[in-house]
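Next, two complexes with subunit A in common: one pairs it with subunit B, the other with subunit C.
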Partner chain A sequence: MAIVLESLAKIVFMFLLIMGMVPALIWAERKGAAYIQDRTGPNRASIGGVRLAGLVHPIADVLKLVFKEDVAPTNRHRALYALAPWVVMTVAVSTYAVIPFGDYLTIAGRKIPLVVADLQVGLLYVLAVASLGTYGIVLAGWAANNKFTFLGGIRATAQMISYEINMGLAIMGLMLIFGSLRLTDIVAGQGGLLFGWLPMWGVVLQPLGFVLFITSVYAETNRNPFDLPEGESEIVAGYHLEYSSLKFALFFMAEYCHMVVGAAMISALYFGGYQIPWLPRPMLEKHAGLLLQLVLGLTVAASLLFAVLFLRRVQREKGKFGDARDREPVLGAGFWIIVALAAAGAFALRPGDIGATGASVFASLFQVGAFVGKVVFFAWLFIWVRWTLPRFRYDQLMRLGWKVMLPLGLANLVGTALVVALIGNGK
Partner chain B sequence: MSFEGLSKESTEKRRSLLESIYLWEVVKGLAVTGRHLVHNIFHTGDMPTMQYPEEKRVYSDRFRGRHRLMKREDGTPRCVACQMCSTYCPADCITITAAEHPDPAIEKYPATFDIDLLRCVYCGLCEEACPCDAIRMDTGIYEIAADSRDKFVVDKEFLLNEQTRGTR
Partner chain C sequence: MEAFLFFTCGALMLLGGVMMVLQRSAVVAALWLVFAFIAAAGVFAALSAPFVAIMQVLVYAGAIMVLFLFVIMMLHGPVLDGERKRLPLPMWPAVAIPPLAVLVLVGGWLSGRKAEALPAAPEGFGAPAQIANLLLGRYLLAFELISIVLLVALIGALTLGLRERKLPWS
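Up next is the complex of A and B:
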């Protein structure tokens, strides 16, 4: 019974993490793109005058998409047309099952591993499920019965076949080093230090593999510079051209879910997952009290800073809009002052000795936080790259995949195999 | 077949090894966009974006805005319904019905004078064509919006009235 509850709790946590990150990423994409291009970005939607720097826009977007008319082409393949967005979405979320988001959590003497399904063939599962994502895209492109969507589907297939191989080859290097397909083993293996100072992260052991892997992940998620399946300038919107309202929203959300999966995979395989360099678990547990104080102190400082910024805005923007938006800085300042007071109160309570259990829980949460932080960074990298690089031409994409990355991947694999054969793997 | 001046070198620029590896270039590109991002986060005021309904752009005096009809000293329209403007209008959006003026020295006056602002391309030919300086585009009004098409067809009274904004 307990195991079912545990799994359910973990699934819900993971699901909420992804679903919570989707609107945040949409916001980051729009606002980040705007700032990169010297624009202001979304700043109009508000709830009672609070605009949260545009964070209300994703809510407005969702409302809009929910209430929009669902226009569908007459000559579609009805069943497949309806199925496609769900395939894409399901695949996007199910990859998370094998990604460890933390080490383990000890509650009432039970050691709960922080991964939904600790599969022995975790890496294979990831590859298999990720390639299923294309299936949804191809279905969408084909079922809509439109030449542009069809072209988008074909592009997605060709791209996926080319880059799936490179992804597999890149991962195989890691497999040789850590001698396991289990993702928990791979992440746990990255906790040590190399030569006593370098964190033994995948990226340090396999720099070339990392470059190949991250490129393949970008291609797999259909994100710029590899977003040819939806290249607006050539095939309108590609595979999701004929979808509207909620079905389009599913595709849109799936893209961001894929991004989060990609980011989680990159951090788990090449950046140590939940591991914090030079701060292994025993050390975390030993200094838990100190770290907790530090975290609280930083929270106080940060929220005070935000409060001051908002107070400055209160002064500067008095009656600027002449409507409810004028309340925003006041509410913002109030919110951050309350947060600062709460954190200061917790700080004053001196949670220094939280006991062994508390220390263990704190260490687990700290590691989960580290993992989430890495995921957020890599998800942001996706956005950053998108607004920096132009899209590849199709022949360039194929040339890069087959003529550059495939040989490099093979060379990397052979080289790694030789080194592992000579000095043995991490086990 | 060969094209003069289109040798292979000129179409495909030679790349150095570092450039053809592409990664370093990607990092350089990320640095450029990152610089813009960070700068804009800390200097939101520097952005050229205009918060439109609150801030409005100041246009030059020569800006061609919505039309207006001029009046004589007695308040009647200056227009003599000569149809010059509607003949010149490339968008064919001025409709005038002429009627006889009570004053024999004036001959005609416009019984109706409609401009379809949706068809107008704001070229200003009407005001140039007018022999009596009766139609002008110097109002500076550019916020021309309405929720139905017929509200964009403005009539004589509307154009003569100096208080009107945008559309009906």
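Up next is the complex of A and C:
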């Protein structure tokens, strides 16, 4: 019974993490694009005057998509047209099952590993699920019975098959080094130090493999510079052209879920997952009290800074809009002052001595925080790349995949195998 | 638990196979075949063979069937419309196989033979390391011969597929 509850709690945590990051990423995409293109970005939608720098826009989006008319082409294949968005979404969220988001959590004497399913063949599971992702896109393209969507679907198939091979080759180098297909083993193996000072992360051991992997992940997620299946300038919107309303929302959400999955895979395989360099678990537990005080102190400082920024706007923007939006600086300053007071109040509970149990729980949560931080960074990297690089041409995409990345991946694999045969692997 | 998974996935696999044969559209038939492959992976997983199960999805459902679909869609796969022919006599036994398989499945279930009757799989059975040791150790020759056969088939397909003989070595 306890194990069912544990698994359920972990599944809900992972699901909330993904679904919570989707609107945040949509916001980050718009604001990031605006920042890179030197404009303001979304800032009009507001709830009672609070605009949250455009964070209200994803809520407005959801409302719009839910209440929009669902327009569908007459000559579609009915069953497959309805099925395709669900396939895309299911595949996008099911990879998370094997990604470890923390080491373990000890509650009431039970040691709970922080991963939903610790599969023996976890890495292959990731590849298998990724390969099923093609179906949703190709079915959406075909079932809508439109030449442009069909071209998008065909492009997606060719592109994803080409880059899956490179992804598998890049991962094989890691398999050789860590001698396991279990994702928890691979993340745990990245905790050590190389030569006593360099963190033994995948990116340090497999720099070429990392470049190949991140490129293939970008191609698999169909994001710029690899978003040819959508290519607006040539095939309108590609595979999801004929979808509207909530069905389109599923495609839209799946894209961002894929981004979070890609970011989680990159951080778990090549950036140590939940591992914090030079701060292994025993040391984390030893200095838990000190770290907790540091975290609280930083929270107080940051929220005071935000409060001051909002208070300055109170002075400067008095009566700027002449409507509810004028209240935002006052509400914002009040919110951040309350946060600062709460964090300062936590010092009264003496965070310095939280005991052995508290230290263990804090260490687990701190590692989960480190993992989430890495995922957020790599998700931002997706957005950064999208608004920096232009789209590939189709022949360039195929040449890169087959004539550049495949030989490099094979060379990397053979080189790694030779080194592992000569000096042994990480174990 | 394993027995439940085995029989459920087995039944779904049969359903996928039957539905694939009954389709009029080649695309939908291919999708039912994918469904059957994924169910087959479930059967392998129930038989303590996680590696084979994942490979079933990765290779058959994920790679080969995607290429099948790709080709069917590119060539505008046939949709049979109102075309009803008498089944040739040699095909009749083939039609009888799926119902018989279902009968065997249900009969096995009803006869009450428990999964405990079988010896449990030893530790590490079906693990990637064990399969690798067998493939690259005891069965190395067979493994390499099969890969050569596949390579020859690949080159043969390429040679036949090219309309003009513009091979790099000719």
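Going forward, the second predicted complex is superposed on the first by the 426 of 427 C-alpha atoms of A that agree within 3 Å, B and C clash if a C-alpha of one lies under 4 Å from a C-alpha of the other, contacts with A are read in each partner's own complex, and residues count from 1 in each chain.
Heads up, the rule we're going with is that a residue touches a chain if its C-beta (ideal position, glycine included) is under 8 Å from a C-beta of that chain, and two chains touch if they have at least 3 such contacts.
Computed from a prediction, not measured in an experiment: that's the story for all the values here.
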* Asked: Which holds for A:T157: it touches subunit B only (first), subunit C only (second), both, or neither?
  -> second
* Asked: Can A:S245 be said to touch subunit B (first), subunit C (second), both, or neither?
  -> neither
* subunit A residues in contact: does subunit B have more, or subunit C? -> C
* Asked: When the two structures are overlaid on chain A, which partner does A:V211 contact: first (subunit B), second (subunit C), both, or neither?
  -> first
* To do: Based on the superposed arrangement, let me know which partner A:L181 touches: subunit B (first), subunit C (second), both, or neither?
  => second
* Quick one: classify A:L127 as touching subunit B (first), subunit C (second), both or neither. => second
* Which of the residues in subunit A come into contact with subunit C in the complex? -> 77, 79-80, 119-121, 124-125, 127-128, 130-132, 134-135, 138-139, 142, 150, 153-154, 157-158, 160-161, 164, 181
* Structure fact -> Residue positions on subunit A within touch of subunit B in the complex are 32, 35-40, 211, 320-321, 384-385, 387-389
* Residues of subunit C touching subunit A in the complex -> 25, 27-28, 31, 34, 50-51, 54-55, 57-58, 61-63, 66-67, 69-70, 73-74, 127-128
* Structure fact -> Residue positions on subunit B within touch of subunit A in the complex are 23, 26, 29-30, 32-34, 36-37, 40-41, 44, 47-49, 51, 54
